Amino acid sequence: MKFSEFIQQLAVSVPNPQVHLANDPELTGLSAIEDSQAHTLSYIEGEKYAHHVLTTPACALILPRHDGLQAQASDRHLAWIAVDEPRIALAHAIRCFYQPVSPEPGIHPSAQIHPTAHIGTDVAIAANVVIGAHVTLGEGVAIHPNVVVYAGAQVGDRTVLHANCVIHERSEIGPDCVIHSGAVIGSEGFGFVPVAEGWVKMPQSGHVVLASGVEVGCNATIDRPALGTTQVGRNTKIDNLVQVAHGCKIGDNCAIAAQTGMAGGVKIGNRVILAGQVGIVDHVEVGDGAIGAAQAGIHSNVKPGEIVTGSPALPHKVFLKASAVFRRLPEMHRTLKQLSRDAGLKE
Amino acid sequence: MKFSEFIQQLAVSVPNPQVHLANDPELTGLSAIEDSQAHTLSYIEGEKYAHHVLTTPACALILPRHDGLQAQASDRHLAWIAVDEPRIALAHAIRCFYQPVSPEPGIHPSAQIHPTAHIGTDVAIAANVVIGAHVTLGEGVAIHPNVVVYAGAQVGDRTVLHANCVIHERSEIGPDCVIHSGAVIGSEGFGFVPVAEGWVKMPQSGHVVLASGVEVGCNATIDRPALGTTQVGRNTKIDNLVQVAHGCKIGDNCAIAAQTGMAGGVKIGNRVILAGQVGIVDHVEVGDGAIGAAQAGIHSNVKPGEIVTGSPALPHKVFLKASAVFRRLPEMHRTLKQLSRDAGLKE
Amino acid sequence: MKFSEFIQQLAVSVPNPQVHLANDPELTGLSAIEDSQAHTLSYIEGEKYAHHVLTTPACALILPRHDGLQAQASDRHLAWIAVDEPRIALAHAIRCFYQPVSPEPGIHPSAQIHPTAHIGTDVAIAANVVIGAHVTLGEGVAIHPNVVVYAGAQVGDRTVLHANCVIHERSEIGPDCVIHSGAVIGSEGFGFVPVAEGWVKMPQSGHVVLASGVEVGCNATIDRPALGTTQVGRNTKIDNLVQVAHGCKIGDNCAIAAQTGMAGGVKIGNRVILAGQVGIVDHVEVGDGAIGAAQAGIHSNVKPGEIVTGSPALPHKVFLKASAVFRRLPEMHRTLKQLSRDAGLKE
């Protein structure tokens, strides 16, 4: 693809680009700036990578609005496009060159589809997929090999299920979702009531509801509750190995990073960000726009917009200040002993 | 089902209920109290939910022994049953209305069963299940689609294996166990001996033994050791994404919450509770009835009945008190500097 | 096998053993010392297990170079071999008796192999395996049941893929690797750019490259990046449930224990050891030979050879000393208040 053609395609998605065509090079693809290759388009964002403009073998660049970088690129006869949000331009640029792997259209003969299942038009169902009784698959659903969909589940239009994921009974998965490989949606919540002899199992008769545009990472698990629903809101993105326990209610547009876990009945607002390995105690509520930093242990409600860190979690700045002093505890302890002795306090 | 019929069914399992039939309503099912629906039975437990008695559209309630709530329910002409342990009554109530999804009886034609496998009576083996050489499946075993059982494994009577779980070679799974979707039982322990050039692999020739009534959560992993066994005791319940390393010995009736990890050779007593994201260092012993709070990092032995918190873990009360002071470290540090200066101590 | 035959086999791999044949007993296998059985070879390493020499029913022992233990074993008429590194001798000894389960040679008729795939000689491909378009499998590759290999992936000679693992598009897996059950290699990185209305998905067009001799544990996940590669170096061993995010570069001969997670773009040197449940923030660099202790939260670069502990991570000794004082915070706080009052400081 010529650089000029690429710019035409990109212009649909990216507002007001500045463009320098140079000799309108032929692009063979994209490459990361640290590892860029000849005849490719690459991408500069932030100070850390700016120096690559001077040496990159790439023939074209996505740049931020930065006169100096643009001049450097022009001096090297590189083609470039400069935009307000280079990362968004990059996302669209990758789409111009990259076609994700999809299962072949139609239903593979080895797929096992229950006769009572209702299958939409234009689906792609790969080898060894197993679809249970009374399942509903929407239009354009794509299912990679070895996926299992238990009885009564619903999968919305254009949703993609990656290999070896499992959708349990009566789960409702909205349109335009992506369930990644090995994820398990709608399995039994961890419900056991202690009695003298051990445990009475609480049957988990509820189900999981994912709204539109949800992504669930590889080997993540979302359990169904004893009664009612576990919910994930519109466009919320869940990373690999995350645990969402029975009865959690997660809002819209959240991002939940890898290995985070929520215990039962947690409520998460909209636009909440949870970094990796966060843990949230059962029935805690996290307000809209709040942020849990990596490894935070959230034991009590978090207000909207609040940032919390540490285990047990504190307001971010409080934690950082206390944490900075933590390493000085031994010298503080010695000084305090000295002062106590001098003051005649008994220890 | 009429409320009176439901009460008759429940009476078998729940001692000495108080019952108010009201107009003996027809029940269509159960619903969670926060989301309760007309014509359903719902459930009140604890102060937090008590106010719902005044407004719930449900027609019948499971109540605690509490005169005030009972009077309020009677005033609203709701049918109710009051018991000592409402959660246990709820568990039995759900069983009256809810039938879990099981694979169809018999062996699906697409299942691959090794001719040397020994299959018990009344099994249900779903599509694409693969059963290896010399495997033994007990009576009434139910195996959901795409499960793999490696050679020489044994699965006890009535045990359920959910979709895409893997049972490795020579594992012994007791009767009445549930292995949830994607769990891996009996895989190779992480055994590598450091040498100058890298690592020598320690072959893991042992196996995993799960006693009766064990549950293992989705995508949890239980490894086999180099020699001998990794063991999980009777009725112990293991949640999603838990890691049990090679050679661990876990007692009876434990509950181990999601994302907890045990390193090699850990010993856990009976009735131990480990909350979410707990980590236990190799060869540590945790006594009967001990509790590890969420995110605890357990580096040394825990006495029977002890509760530990924090990383490294401390006795629970010690941790809570120290943790409450932690946020004051910056002011403590300032005060201490001031006092030191005043006392003429050099810093 | 006679003990003397065993010694002959072992001698190939273990330098300069001292041997005491006793009555050259017949060995039926190996057993762990704590649970050792008659007619087996067992293994003593370290003080903790030394007392077993006096009572073990095993008929032969692997011992350290320790005159006292050797004399005790001889007195009991046990056969023994003493070596510099008993654990390495044990690893070789297990190999003499133990044969791992492998899929049957050839391609199972239920496997679905795309006609454009290139399959090496001497492969063993089990039931229900699905191999996508343009996949390359090397010589002697062994694939257990229900594995899915997406289009364009490459799997090196003698590599083993365990049941239900997933290899995503364009992944390059070196020779002599082991991918354990349920692991997912090469899935989409968690890339979403925040915009006013939610998230723009960053397509993940890169791929994952594993060098030779890499092991990846059960249900671990290694994501591919938007551009370029996620890399794992030669002989690096990754345990169960580990998360390696998009664009990480991990060196050679590392050991990464269970449930550890790395955010995007992390760089790990050679011979790095990360204990269980470690978390590493995005783009952090960890130098050669560094060690992250269990549950460490690594927020900034770690120097070669450094040991870090805690969250946020500190140098190991600094953390241990500060951590030892942590539990005294309440008494320190009280003393400080007393001293402040006495000194007339306002609080």
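A few points about this structure:
Letters are used for the chains, namely A, B and C, taken in the order the chains are written, and counting of residues starts over at 1 for each.
Everything that follows uses one rule, which is that a residue touches a chain if its C-beta (ideal position, glycine included) is under 8 Å from a C-beta of that chain, and two chains touch if they have at least 3 such contacts.
Because the structure is predicted, anything quoted here is derived from the model rather than measured.
Although subunit A and subunit C share one sequence, what matters here is the overlap of their interface residues, and that overlap falls short of half of the numbers used.
After Cα superposition, the angle needed to carry subunit A onto subunit B is 120 degrees, rounded to a multiple of 5. The geometric centre of subunit A is 26 Å away from that of subunit C, both derived from CA atoms. For subunit A, residues that reach two or more other chains under the stated contact definition are 110, 128, 146, 164, 182, 219, 241, 259, 277, 295, 311, 326, 328-329, 332, 336, 339. Per the touch definition, subunit B reaches subunit C in the complex via residues 110, 112, 128, 130, 132, 146, 148, 150-152, 164, 166, 168-169, 182, 184, 187-188, 190, 192-195, 198-203, 205-206, 219, 221, 223, 225-229, 241, 243, 245, 247, 259, 261, 263, 277, 279, 281, 295, 297, 299, 311-312, 314, 318-319, 321-322, 324-326, 328-329, 332, 335-336, 338-339, 342. By the touch rule above, subunit C contacts subunit B in their complex via residues 30-32, 34-35, 43, 85, 87-88, 90-91, 94-95, 97-98, 100-101, 108, 110, 126-128, 144-146, 162-164, 178, 180-182, 213, 217-219, 234-235, 237, 239-241, 252-253, 255, 257-259, 275-277, 294-295, 310-311, 323, 326-330, 332-333, 336, 339-340, 343, 345.
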